[in-house]
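As written, the chains take the letters A, B, C and D, and residue 1 is the first residue of each chain.
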Amino acid sequence: MNNIIKEFVDNVTAKFELMGVDYPADLQVSLDFDQRDIHNALAYIKGAGWTQMSLLTCVDWIADNEFQLVFILFNWKNGVRLQVRTRIDRDKPVFTTITNIYPGAQYYERDVHEFFGVEFEGNPDSYKQLFLENWDDIPPLRKDFDAIAYSDRKYPARKYKANFSTEAGESK
Amino acid sequence: MITIIISILIALGILVFAFLWQTTLSGITRKIVGRYQKRYGPRFYQNFRDIFKALSKRGITHGWVYSFGVIMAVGGIMATVMFLPLFGIVPFPGVDNFFIYVYLFAVGMLGMAMSAVGSGNPLAGIGVMRALTQMVGYEVPFMIVVLAMIYGHGTSSLSELAAIQQTSGFLSWNLVKMPIGTIVGFICLLGMLGKKPFETFIAPAEIASGPMVEYGGKQLGMLMIMHELATFIEISLFVNLFLGGATPIVFGETTVLVGLSSVVGFLLKYSIVYIVSALISNALGRFKIDQVIKYFYKVPIVLAIIQALIVVFLGWGV
Amino acid sequence: MSKKERAVAKRKKKWDGISNFFRANSIWMLMYCTGCCAIELPQAMTSKYDMERLGMGPMATPRQADVILVTGYLSVKTLRRVIYAYEQMGEPKYLVAFGPCTINGGIYYDAHPVIKSLDQYLPIDVYIAGCMPKPEAVMNGFQDLIDMIKRKEANGWRKYQENKEWYRENQIHALGELRIKDEFHE
Amino acid sequence: MKEVKLFVGPQHPGMHGNASIHMYVDGDIINRAYLLPGMLHRGFEKSMEKRTWMNNIALIPRICVPEPDTNEMVYAMNIEALANIEVPERAHWIRMLVLELARLAIHLMAFGGCGGPTGLYTAMYWAQADRDGILELFEEISGQRIYHMYIVAGGVRKDLPKGIEKKIIAYIDDLEARLPDYEELVLNNPSIRKRLVDNIILPKEVVWELGVTGIGMRSATGEPYDLRKVTPYARYDKVEFDVPTATYSDAQTRMTLKYLEMYQTIRIIRQVLDMMPKGKVRAKVDDGSALRWKVPAGQVYSAVEASRGEYGYYTVSTGELMPYRVAVRGASFPQGLLGLEKYLPGHRIDDAPLWFDTMGICSPEIDR
């Protein structure tokens, strides 16, 4: 099994400029690509047997001022899972859609747009609201969005005389 | 003059009896179905509580068509019940023709359809559309069978049709004489009652109870009364047409005893038909509306035509 | 109070007593699973606990129903629909709230889409404790509701009528606007 | 005829959970349909960033209500992969037991759920009554009927109670004897077959396009694409079981596969109870207070086979007290959103709830 992974990683390295390779778990490889290469890389990976896109998600690296887009791909033939990752600028989060490669990404892109504000060019539906309704703040899963403050502002709680809330969750 | 008053009193008595009897029976059936589904089930008088609770709630209206339609529906069905012969007693002698029930019944149903569409809810519209489509489905085979029966017996009076079947005991029932017709009649009865698999126009999981979708409070209570009465009419028609009506189960000289036993006989047959239909209903799923129509126009209509041909050309079952 | 008014009030009271008997024994609940506590409702409804014994049954639409069950947390999006449903229901109507999430947000006290205390937006007749309430607790809660109706204490709907402005103000604070055009896919 | 817009749900008896379908119907035929999710959105992914690694264990089962154990399992697997925790042998087997019991419960619920849209309420009553037995077993094992919070990082919370094996065996014996009744009642019932056979077909090529997994995928492709076989987790490589497959995915096939999977699940449970070793059930994961436990940095994705398909979490740790980001892949996300939009048109209104039921759509995990 490790041979397959190694061979595949070698192939990818030969074709594309990889920013990093990691093996976070058994049968799992993470590949970091540059934003320019990612569409070609995904098309190549899909051709190599990773036909299923399990997840498209985003991580907000606020310290680096970057968003990281993560594509989880799975190959049912040999059970190897790929994390294909790329970083985009946080101030101008624009990315080209991958629905032409993985059509199933349509709603994941909408999800990421809604929760992080990443725009997907070429996905005409991605700007529409999906889970939230009448949202009036910055996208909620960004790190600079303060959910507790928002919640306190919008939904007043009952006043108790004693303070029952524990500090465990909020402590640093 | 006095005869008219007596007739009206008898008719009102039938109305009250029909309501009490059918509501009780459907409560008992709920209990039986509950046991069938491995549970305890409600009390047998639960349906009365439901109806009176609904009547005690505050109603709303969606315009005069909506309110008027409900009254028309209940009124039409009540009128139908009042013309219905019960235990051989005919409230208005001479006007217990089968076609009277068909037309009066249609008035009530039309009122309900009008009212439901008047509520403006699209689900109600779809439900009414389905109900009418289903009506087209079951009316045709049912009518063929009943017309054949009327042709065979030479009368269209419901009480006479029942009386003919009481001449020589069990063997003169239409169940024995026209077995194919009875099967068709029972399938159509399931369609009329809206039992599964022909529950398509109610279909809570699809169109949220169809025509009933916008009813609440008083209107819903009235519609529930209407539903109980309509069930009474449909099953009474079936029992009178196919199962010999109010046949006595005790034979002898005493008129009172025989009369009472014929009442029991009628109610027994009525209960069996209703409970069997409820049990069938709970062992089956529901069809889609296109499947309902295809079903009615395939099996029952062919059987009905065969039965009609037998009656008309062979003369069996007369 | 004049004699006539007293007579009217007396008659009304008597009528209320009779109707409350029927109301208590025939509670139709709205089939609306607003949150996770609804997963124990099938258990309470079906063979083991059989809610129908108490005369309770599920109903398809708000117009037909008497009681709405808020089963757990409410996201703002659901709150809007619950308000729609509650206002459609015919009076008298009751509201049963499940779990701690309806009291102070429960485990979702810091979640951006979840409201904290439901009684700011809608009047509550009975709270059922537990996360999630076991079927026994659910049945007990319904029994409480029945007793309250018999004692004429389940007056949430009156409270809602009388304090409508206050409730409306809170609703609008949480929801932005109450009625929206629900055309999000276009 | 004019196109009519129908809002099916969120308050609708045919909806599974709190979601809504916007339908444009022409008569009875659906022209277009979209799912409107978000009624159950609770912002889990945000809340988890604000709680410690241990606190989250109480939060995650709530993501998928009917089958919460898969949540606990993937979360634990992620932490174990990040922190390189060796799980005790017995814990693996207990996890399998819990996961398979949960699978049995949700398949029973699916059988009951099939009764709702088709009008066969008897199936619903029977299935819920049988499911109650599993919930009672869970209550004895973990102390909770629905949300067990039983599988934690490093093993399971506590050992199985004494004598539970006998009860489980008695229960599954009983259930196995009753399963043919379900076959008669649902799968072989002519009126239900009329609704299910050749209806709501999921074509093979579409499966890949959508990313549908689980029963939907296996019923269309005919390949045993089950994560328990492809990438065995826990000790699924040590037990024998078959993955039922089919090559024509209509609603009837999918229900039949659920039915056959119940037998396989029972088979797994028997083997697990036979082969379960004695020993510790929880590895020590932290030094001192669990609340100050820091999971090493890393980014990892784990998935398990839920009843609806691949259920996964993507976890990002920066070595802090709390997760940096946890992304949830709901197993029914593809078939619920895109699948519904693409494959419901052309069907009748009556088929929408059946799509939900046979594809096993769980709205809380779509919304998170």
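By definition in this document, a residue touches a chain if its C-beta (ideal position, glycine included) is under 8 Å from a C-beta of that chain, and two chains touch if they have at least 3 such contacts.
Bear in mind the structure is a predicted one, so any value in this text is a computation, not a measurement.
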item	value
Core chain by centroid distance, with centroids computed from Cα atoms only	D
Centre-to-centre distance between chain D and chain A (centres being mean Cα positions), rounded to whole Å	23
Interchain centroid distance [CA atoms averaged], chain B/chain D, Å	45
Centre distance in Å when chain A and chain B are each reduced to the mean of their C-alpha atoms	61
Length of the line joining the C-alpha centres of chain A and chain C, rounded to whole Å	40
Residue numbers of chain B (touch at least two other chains)	37-39, 204, 208
Sequence positions of chain C contacting 2 or more other chains	31, 46-48, 60-62, 77, 110-114, 184-185
Shared interface positions of chain D, touching two or more other chains	12-13, 38, 41, 43, 46-47, 50, 125-126, 129, 367
All pairs of touching chains, each written as two labels joined by a dash	A-C, A-D, B-C, B-D, C-D
Chain C - residues contacting chain D, complex	30-36, 38-40, 42-43, 45-48, 58, 60-62, 73, 75, 77-78, 81, 85, 107-108, 110-114, 131-132, 134, 182, 184-185
Parts of chain C lying in touch with chain B, wherever the complex brings them together	18-19, 22-23, 25-26, 28, 31, 46-48, 50, 52-53, 55, 60-66, 89-92
Chain C partner contacts - residues on chain D that touch it in the complex	7, 10-13, 17-18, 22, 34, 36, 38-44, 46-47, 50, 58-59, 62, 65-66, 109, 112, 124-126, 128-129, 131-132, 135, 145-147, 364, 367
Chain D residues within the chain A interface of the complex	37-38, 41, 43, 45-47, 49-52, 55, 81-82, 208-211, 213, 223, 225, 230-231, 291, 298-303, 310, 312, 314, 316, 321, 324-325, 327, 329, 333-334, 337-338, 367-368
Interfacial residue positions of chain A with respect to chain D in the complex	22, 24-28, 30, 51-55, 57-60, 70, 72, 74, 76, 79, 81, 83, 85, 102-104, 106-108, 115, 130-133, 140-141, 143, 145, 147-148, 168-172
